[in-house]
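Letters A, B and C mark the chains as written, and numbering starts fresh at 1 in each.
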Amino acid sequence: MKGAILKVTENVANPIINFLEKGLDKKCFDAVLIPVKVPVGNSFAWVLIQNKSLLEDANPLPPVMPVQGAKALSSITRMGKTNKKIAAIMRPCEVRAAVELSKLEQVNLENIFLISIDCPGVLPLKDYLERPEEAMDKFNEILLGACPERSRRAQNDIEWGNESTRPACQVCDKFVGTDLGFCQSDLHIGILGTKDKNIFLIPNNEKGKSILNKMDIEAEKSMDNWEKKAKELMEVRKKKKKEVQERLKFKVMGIDNLLDVFSNCINCHNCRSACPICYCRQCYFESEKMKLPSDDYLMRAKSKGALRFLPDTLLFHLGRMTHMSLSCVGCGACEDACPMSIDVAQIFSFVADNSQGLFNYIPGKNAEEPLSLRIYKEDEFHEVET
Amino acid sequence: MNEKFVPRIVGFLCNWCSYAGADLAGVSRLQMPPSLRAIRVMCSSRVNPLFIIRVFLIGADGVLVAGCHPGDCHYQKGNYQARRKFAILKNIFESLGLESDRLRLSWISAGEGPRFAKVITEFTEKIKELGPNPAKEKVFL
Amino acid sequence: MSKVLKINKSAEESVQELLKFLLKSGKVKGVFTLRKINDNGAVAYSLVTSLDMLKDAVPLFPLMPANGGKLLSRLTLRGSVAEPVVAVVRPCELRAFIELVKRKQGSLENFLFISSTCSGVYPLEISVNGNIDKKLSQYWDATKRNEIVPDTRPTCKSCEHFLPYTADITIALIGKKDIGNKCEIFLNTEKGQKFVDGIDGEFVEGKLESEEVVSMRNKRKDEKKKLFDEIGIEKFGLKGLIETFGKCIGCHGCSKVCPICYCNLCYSDSQTYEHKPFVYEIELKRRGGLRVPPDTVSYQIGRLTHVGISCVGCGLCADVCPANIPISTIFLKVGDSVQKMFDYLPGRDVEEQIPVTTFKTEEFVEVED
């Protein structure tokens, strides 16, 4: 694997911002889609930037993910390709969701230049919003965990995905935006093992290479070190994921467990609104179809003695799984948005891992690979037939 | 005040009266500032408050809703309904400290070319005093 | 003066007793109430039809997992309930239901409404992990002492309409020192009286609008003023709005849980608000940058124009907001102001017309010029 090395000035974000500025100057792209600090500085929002000066408050690696990046990209390209060339700088799970959405025709990737970045995880939105400044410090410490020499906790090699990040991030094994992480960005930015002195620009394809060329950046340096680090961490995560899912099983498997887990659910459907894959303008579970005559509800109540109201909480969650779990990227956005702190993302990505495994399908890995439900083989799944 | 500032006013004009009034003002070559972008609607009551909000946030310096005089609406009561909606929107603007002076409701009949010119001139002057709509430049909206 | 049924049991037991009586006697076929739904203490609204299941009912539990009015609307959207059902809901939930019925989103027919003088509810987040149970004694103590209950939601602390307007039966709680062993159940309507006919208890006369109620209303009014002063929305302007909603993640959860937002598909989620890329490009050119997804502020002002007139201040919008934006306070304040223009109080009376569906020929001349 080959890439280019950029010097870190001040902080990790700086060379990236400079790089983007240069890209705008050289007309490699006309606009940048990037998280920017909101006016009072207590959160981040996606901003499509044309005017370079706005990049000042941009942060390619914010400590939280208030809106999943693929959703932001979809909001501007859902109705067709952009005429402007846009560089979108996102976390790997956001890139993967964007690729899934392109298959679902909710994102148009033409003229979009996808840049991914090594992801240290993000903090739960609630934790961050309570104390933004403290959270920011904590996040920086995590970030620098990849660069042991600068870390205040220098002895510990890697802090990424530690307990203060979201549960989804703690077990994410696809945190890099190259083939290694099954992610198909055009250009990946590496920070693992950079000792906080450099960052790595790793082109994933011709598009990535040509942009670097245009900017007179040569990508000929060996990236072996970075690759080694990434693989190491990936192994750690895979193990952790297995453990966590093993525990989760006992919590969610079986109807009683499921009912318990969702007993606090208030049917606000924030989880589905925040999910990048749930793109439907009108969700089936909010449609007329779900609004039944009163007799129907009374009958159901009588047959059981009592009917939770609204009913059909599990129908919603299980139904949503059947609709989107093949494309769930495990980003954790649903859990962040849940006012009742239900482990939605953990449950959904656990189920998703299994259903994706059936087809050996990894969402976001390859834009050309068809969605599993759009194709079939004549000779398959005989085990489910009787 | 910026002398060069030419306000952009979006006007939702009722087809049956104010739009014709605007026409009349035009053909009579009455003097008025070139600030209006007219949108024809079938009745002042067709103006969803969301239209006004959107136009305001996109950066129109002023928004005018103009319809038939009370009692003259072609749909009998459209303009009364429009007045309520407008009053509510204005109240919401005031409650939130938004410049409600950038919104105006006027009744102008088809024959009132001069009144049309006067409304536009007055409103334009008012907007000039207020200056450009700050929403124009806001990135976070 | 109205008729009062006195039961010599704690308020909670008395309501249980009343519900049991209604169901057992066959006067109602179903009970709509909060109920414990599992051993971990999760509480949700339920439609209960069996006496056995009624044991787990917690009609006075200080939590609002959803606005009961919204749920009743869902129950009766496709036609009224065919058999009598008693619904135990809070005053703001009842008001919300009335507003929905005005909008033809439900039907009052065959319902018997029980409500209470309401001390408010705790924020939803407290309920996670069953923490409300730990707060119950504090809740009832404050209620007895006629104090605003600490840690309840800001909109509850400042709610003046805690005395239900249209309930058939009202459980008197606020300022009642002996709700631990006595309960006064006000029978406000003939219907209410008819339904309790035959129950064990003492019938007396009483006044719901007690001194305590009046003094509580004043306390709440003061609290409301404080709340409004603190947030100071009249000084927001564009800048304040942008700052307040900077954190908004655009989930529109606030509208999904709002009882007044009844649309199947919200206008701002509709295709009208989806644009071809060139529209964004024009904006981009003009501003140099553009927040995406766009229309954060416009969504909020737009929602205000739609629900302001009927907002009952139930507080759910703020409760579910993942970004901790005090939306309910903003909506309550703007709602108050819009409602005052028409001397309109949402949910006071089902016959009262929603102001936006009617007009007077002589009014608001001050907005014309």
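Everything below uses one rule, namely that a contact is a pair of C-beta atoms (placed from the backbone, for glycine too) under 8 Å apart; a residue touches a chain by one contact, two chains touch by 3 or more.
Since we're looking at a predicted model, the values are computed, not measured.
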item	value
Chain whose Cα centroid lies at the greatest distance from that of chain A	B
Pair of chains joined by more contacts [C-beta pairs], A-B or B-C	B-C
Whole-Å separation of chain centres (CA-atom averages), chain B against chain C	37
Averaged-CA centre spacing for the pair chain B and chain A, given as whole angstrom	45
Multi-partner residues of chain B (each touching 2 or more other chains)	139-140
Multi-chain contact residues (two or more partners), chain C	239, 242, 246, 287-291, 294
Touching two or more other chains - residues of chain A	38-39, 45, 47, 54
Residues of chain C touching chain A in the complex	29-30, 32, 35, 37-38, 40, 42, 44-50, 52-54, 56, 65-66, 71, 74-83, 85, 124-125, 127-128, 239, 242-243, 246-247, 249-253, 256-257, 264-265, 269-271, 274-278, 280-281, 284-285, 287-294, 319-324
Residues on chain B engaged by chain C in the complex (per definition of touch)	49-50, 53-54, 57-59, 70-71, 77, 80-81, 83-92, 94-99, 104-107, 134-141
Chain A residues within the chain C interface of the complex	31, 33, 36, 38-40, 42-43, 45-51, 53-54, 66-67, 71-72, 75-84, 125-126, 129-130, 259-260, 263-264, 266-270, 273-274, 281-282, 286-288, 291-295, 297-298, 301-302, 305-310, 336-341
Interface residues, chain C side, partner chain B - complex	233-242, 246, 267, 283, 286-291, 294-298, 301-302, 304-305, 308-309, 333-334, 337-338, 341, 355-356, 359-361, 363-364, 367-369
Of chain B, residues touching chain A in the complex	139-140
